[in-house]
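Please find the structures below.
Paired with chain B in one complex and with chain C in the other, chain A is shared by the two complexes that follow.
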Partner chain A sequence: MLQYVVRRLLWMIPTLIGVSLIVFSLIHLAPGDPAAVQSSGLLTGAGRSEGSADQATQKFRERFLLDQPLWKQYLHYVGPFHLGKDGHPWFGGDGSDKWNGLLVGDFGNEFRRPTVEVADELVRRLEVTIPLALLSVLISYLVAIPIGIFSAVRRGHPLDLASTVGLFVLYAVPSFWAGLMLQLAFGKSGLDWLPVIGLHDKDAAEMATGAWLLDLLKHLVLPVFCYSYASFAYLSRQMRSGMIDVINQDYIRTARAKGLSEKVVVLKHALRNSMIPILTLLASILPILIGGSVIIEVVFDIPGMGKYAYESLQLREYNVIMATTLIASFMTILGILLSDVLYALVDPRIRYD
Partner chain B sequence: MLTGPACPTKQVQPMPPLLRLLPDGFRSLPRVAGAAQIARPAGVVLLLTALLSAQGPDPMVGGGPGRVVPDEFHPEAGSGKVPELIDGGRVLVHLKSMPRHFNYLTENSSYTRRVSYEIHDYLCLRNWATWEYEGRLASHWDTEDTLALANGESLYGRVTEDGDAWVVRPISPKNPLTEERRIPKKNVQTVKRGTVYTFHLRKNVKWHDGHPFDANDVYFSWRCYWNPTVDCEAQREQQQQIVDAEVIDDHTIRFFLAEQYSFIMVAFDGFQIVPAHHYDLSDPDNPAYVEGIDTLGEKQGRFVNDHPNNVRWLGLGPYRVTEVNEQYVEAVKFDDYYDQENGGHVDTIRWRHIPDDDAAKTALLNGELDYFDRIRSEDYFGEYCQRPEFKATHYKAHLWLPNMQYVAWNMRKPQFKDKDVRWALAHAYDVDEIIDTVAQGLGVRVTGTPVYLSPFYDHSIEPVKFDLDAARELLDDAGWYDRDGDGIRDKNGIQLRFEYLMTPGNFATKIQSQKMQESFGHIGVKMDIITRDWAALLEKTKDKEFDAVGLAWILDPENDPVQLWHSISADGRGSNYPGYVNPKLDDLIGKMQKELDEAKRVKMWHQLQRMIFDDQPYLFTYMVPRKVAVSKRIRNFRAYGIDPGYSIRDWTLTK
Partner chain C sequence: MTAPNKPLLELRDVRTYFYGDEGEARAVDGVSYTIGPGQTLGVVGESGCGKSVTALSIMRLVPSPPGKTVAGQILFEGRDLLALEEREMRAIRGNDIAMIFQEPATALNPVYTVGNQIVEAVRLHQGLDREQARARAIEMLKLVGIPSPEERVDEYPHQLSGGMRQRVMIALAMSCDPKLLIADEPTTALDVTVQAQILELISALQKRTGMSVLLITHDLGVVAETADHVCVMYAGKVVETAPVERLFARPAHPYTIGLLRSLPELARPGEKLPTIEGVVPNATRFPSGCRFRTRCSLARDLCAEREPPLEPVGGDEGDGHAAACHFLEEAIEL
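Let's look at the complex of A and B:
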């Protein structure tokens, strides 16, 4: 097993390099010039010729090696050698900054704020996004499991049908629309029950700890719901089918034959085994939630990784786009590995060579 | 038959609607009593063509030079109610984009300028109410002329002509010329007017850390523009009109220009002053002091570029920055501000960064914003501003900022080389209809890039009339007709078909482009609409890879026209997007740059506008106001005609 995990982990390296190559190519092939966006402010200013704007654009390109051929830019991005004029002496640099790139754990710097390292900013953003995603996963499971059990046990019951229809309708609702509707319904435009923007009130800095926490919780309600609701249908259907598989097993029939109450049969004997499929789903849901946080974070103005990715796309911040995509890819690959491992752990019949 | 497009003018000039606002002469506009001494660094900002509006209101309300009425749009204005004002409080102002930092020396964004206006100050600025330049950190300045003598000597002072001689009289303190001198003209090589500026700095000005402000700060800042490592390319060329500087004493500094230049005040009012005791590595007061450092060197340049105070700005303005994070920038009132009368009334300003406009609209309705200046037309005239929750807390207003929307024809393309084609397209687009319908009357037509509300704009030039027959006739006469029966005119094997590049925009811009497409179709011109996001559109426009592009300018009251219209700006990535090259115009621009007499320059501007209008490199469309939402708590809100159109220093909050 250990050998298998190590092998899979090693396979992640070429996979991620492949992903980086594809994303790198895509963003450079897409229209939009980061130098033009960064220097669009240079259209300001009277009394000068356009030479200064061109000069600034050139300086910007040189600084970030955007004036170099794509293959060189990519090699610089992957590392480990810095290929700029400050870079490694082997490649014509002055040696003041020899190492660079993914292979030395460097995601580069932002174009807009060159002193800000993308990795540092990402950590700050993930500190917001990951707790949100975890909370959403928790809520998704807390809601979906009971619904799934109920649907399995009371198959064909009108409530089963109603919950199935309801959850699939919810599944089909786009989250940006749901977010806007929730803001209208629960914000000052509607019931005025909940705050609808950001994670904190404008006066949060002056609040005592208890009030601050309460304020945070209130702010979390709508975004977390938006994060979670689409998972309700998916997870509850998985739970339902898992449970149906299990309650048709011989040992469940035996348990019933022993005269155990239906509650004990379902919750004690059937539940644990039927949980296996949806527990393994956990590993794949988390990266989807983190990757899919863009819309929610933009609608609710939450300063997480999704909003960072969205703004960076508009500004053609190549390093940030690369970093956010690679992190989402990494988490997906890791999630798949975790799923596989969890399968083996919870089901002894599964063996990996 | 039309004999070719000419500039239609009227002998009797109708008063354009917005000008009816103004007193007879622009120069005679009265200063608004009590108005903050508002001005801003100069600039031209490219915007999307998304500024359309619509309502059926009186377009004459709101903004404009000299007509600054406090609380003009407030629902309680004129009701006789006396608001209970408080001293202090906090305002929440929307910020669409978070500038990377607040040092305007190296960050040239319009958002930096907006915030800088409250957290920093300048030598001199244009007063937003009167549009006149006035001293800020400098109480006043002396302007002198330079006299270059045949023997190589150079003198400066106030130069007057007296028969066959020039008389030079020293004006500024410590002028090397101690007394008036009369020099025969034969001994004089050149006289350059207005090339020496001596600024007298106020003595009671302090930086936000309490350090006194003096001429060394100004001198070091000027040196920064000459340090090639400092990332100030956006302003470098403009500021390098000032070729030399000398500190006369702690509160007097003198600048020298190489050439006579009529737009030099734009450079002075955008001149960013940084605290030498923090930025100058050769200043012993600087904690990072380096003995013998070259202040024009790379180390100094990088130190300026990467200084932490660029983000947490330490300035000279009435508000000092206390917090900067991804969500907001907060500044509190600076008690030692030298001009308390114009030092603001609220205690705290929080610029709340919300990049998404829909999220910002929601924030506004939920009490998270007091001021939002990106209200879309469809919201301004539609349901959003009619909602009870909006009306309970906010009101809407509009600001007539100097802007003009246009379609740039790429004259490098064969179909737009022909002036008749450009005129025909101008005739085929019913701009008035767009103003009446989409903008619901809240817009005025423009015929050039001089600012509509300034004296530099020539109102005698009539906008092109919508006339499909005239358009067809022009195209026929120019040899563009449908030879192959496909419904599209052609000539020399080239179809009169083009791509119109625009951002996805909003409802109004979509309607506009569709109307244009439909209308051009009627005269046998095929227009394909291509939408690109801002980054892609900008790249294509700067690279001149477009046929036609819909854009807008926000302008200063007077800009050097070289950026938009000189042939040197047609090359490379310059802002003369159409690639309009007119040697006569280049010559005129050269003369305008030297002409210090504003009255004469006004005539030159009119001439420039007419020349450009005759050639129609742009399809000139209209000017629309910026629409904003203002909290009812804010009183003394004034709409100015210079970007950004408001000053937080004016605002007072009610209980």
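Let's look at the complex of A and C:
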């Protein structure tokens, strides 16, 4: 098993390199480049003269190797050698900055704020997004699984029908709209029960731990709900159909014939067998939550990874786009691996040797 | 074995119907039979004749909806199982009445060890602690002839062969010393050689514990080897019941006669094997009167008008041979 996991982890390397190649090509194929964005005055404000703008753009291009052929830019990005003018002496640099790129763990710097390393900023962003995503996944499962079990065991019960309809309505509601409506309803314009922007109040830094935590929780309620409500329907339907399938199996009849109560039959004998489709979904939900957080993070103004990715796309921050895409791919592969490992834990028939 | 005065299990006019899109399916429609202590009753009939549903009705495990036992009594040691609370019924299931099924491949839960599945039943009914229950599980596995039970107890069902799994099912069923074992086609899914071993095992366990066995099968050969008494079912009804030797020597109902004729063992070499024409009618649309009349060579107007009751056959009525046919005298001539 351990060997299998290690092997799968090693396979990630070529996969991620492949992803980086594709994404790198795609973003460079897209029209516009960061130098143009920079010089258009979007950030620095208009009012520069033509000539100096051209000069600045030229310098900018040189600095980030944007004037080089694409293959060279890519090799520079992947590393490990710095291919610029001040790069590794083997490639004509002056040797002041020999190493660069993914292979030495360097995601590069932001174009807009050249002193900020993308890796550092990513860590700050993930510290926000990952807890939010995990909390949402946890809540999705905690809500969806009991609903699914109930619907399966009491098929046709009024509550089964009601939850089916209710959850499908939720499923159909787009989250950016739901987010805005919730802000209107619970924010200052409505009931004024919950904060609707950001993760902390302005004075959070001076709060005691308890108050700080409470403040954070209050800020989390709406975004977490927006993250998770759509998957309630999805997951609980999966759980329901999986459970119905299992409950008609012979071994469930055997369990009943032993004299076990219905509760034990369902929760011990049926549940574990019907977890497999649900675990498959875990693999797909993890990256979706981190990627799908774009909308929620923008709506609720949460400084997480989704917002970072969104902004970087607008600004053609190549290094950030690359980094966020690679993280999303990494999460996808990790999610699949995680669900494969969980299969084996749930079902002894599945073994990886 | 002669029928004792007080039966262990007595079915009186049990009716279990299914309600589906096609209407009411009378899968079990007025079945009565008895099993004495230590006795083996073989219930035979084609697929879909209601023999398995009758067994599930005894256990009260008919899937509901769509199924429901709508009438009759099932007396077990004098108590009507159909009138019990679900909680009381659970105390009987797996404890006083245990059941084994046709498909050992799917009857055990794939995600728990065989030991775990036996331990669960033992702890539930016998109130043993974990250690004792495990010891009991190993003892049971040994009893049903599983080699190195100390290791097998921690294995999962998929690690065992079909025959071994059926032995595990038997160990599971026997683990609480039931008074009645219901074996629903226990050998159908197994190789012929394994079939004989499983039947021998059930017989041996029966001798040892004195339990009664309700053996459901479509295989008359299995009945001949193991049963004391036989019930032949057709289209949800018992059409003939007799002690096993009597049934094979002097079958009375045209259906039973047809079944026995179609046994390859009894056919003469070189002759085409006789079969019963037609198929079992759909349970939602049984023919009027005698349900076998559509396939019977003796059928005439009376058969369509009136349903034949189960009546004693032959001179002495004490041996329990009875059949449901308007023309028994003619049938015996067949």
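Keep in mind that, in the parts below, the second predicted complex is superposed on the first by the 328 of 353 C-alpha atoms of A that agree within 3 Å, B and C clash if a C-alpha of one lies under 4 Å from a C-alpha of the other, contacts with A are read in each partner's own complex, and residues count from 1 in each chain.
Note that contacts are C-beta pairs under 8 Å (C-beta built on N, C-alpha and C of every residue); 3 or more make two chains touch, one makes a residue touch a chain.
Small disclaimer: the values here were computed from a predicted structure and weren't measured.
With chain A as the common reference, chain B sits beside chain C without any clash.
By the touch criterion defined above, A:P195 lies against chain B but remains apart from chain C after alignment on the C-alpha atoms of chain A. Of the two partner chains, chain B is the only one that A:K59 touches; chain C does not reach it.
In the superposed three-chain model, the partner touching more residues of chain A is B, compared with the other of chain B and chain C.
Taking the C-alpha centre of chain A as the vertex, the lines to the centres of chain B and chain C open to an angle of 160 degrees, rounded to the nearest 10. When the shared chain is aligned, no partner comes close enough to touch A:R7: not chain B, not chain C. Look at A:G187: by the touch rule set out above, it reaches chain B but stays clear of chain C.
By the touch criterion stated above, A:R272 is placed in contact with chain C alone, chain B being left untouched.
Looking at the shared chain after the overlay, A:V346 reaches chain C, while chain B stays out of its contact range.
Here chain B and chain C sit at a least CA-CA distance of 50 Å once the structures share a frame through chain A. Those residues of chain A that touch chain C in the shared complex are 248-251, 253-261, 269, 272-273, 346-349.
Within the complex formed with chain B, the chain A residues making contact are 30-34, 36-37, 39-57, 59, 112-115, 124, 180, 183, 187-189, 195-198, 202, 298-301, 303, 307, 310-311, 314-316.
On the side of chain B, the complex with chain A involves touching residues 42-46, 92, 100-101, 107-110, 231, 233-238, 241, 261, 263-264, 266-267, 270, 306, 326-327, 350, 352, 354-356, 358-359, 362-363, 365-368, 387, 389, 532-536, 538-540, 542-543, 556, 558-560, 562-563, 566, 568-569, 571-576.
Looking at the complex, you find that chain C touches chain A at residues 59, 61, 63, 90-95, 98-99, 101, 103, 106-112, 120-121, 124-125, 156, 158, 169, 172.
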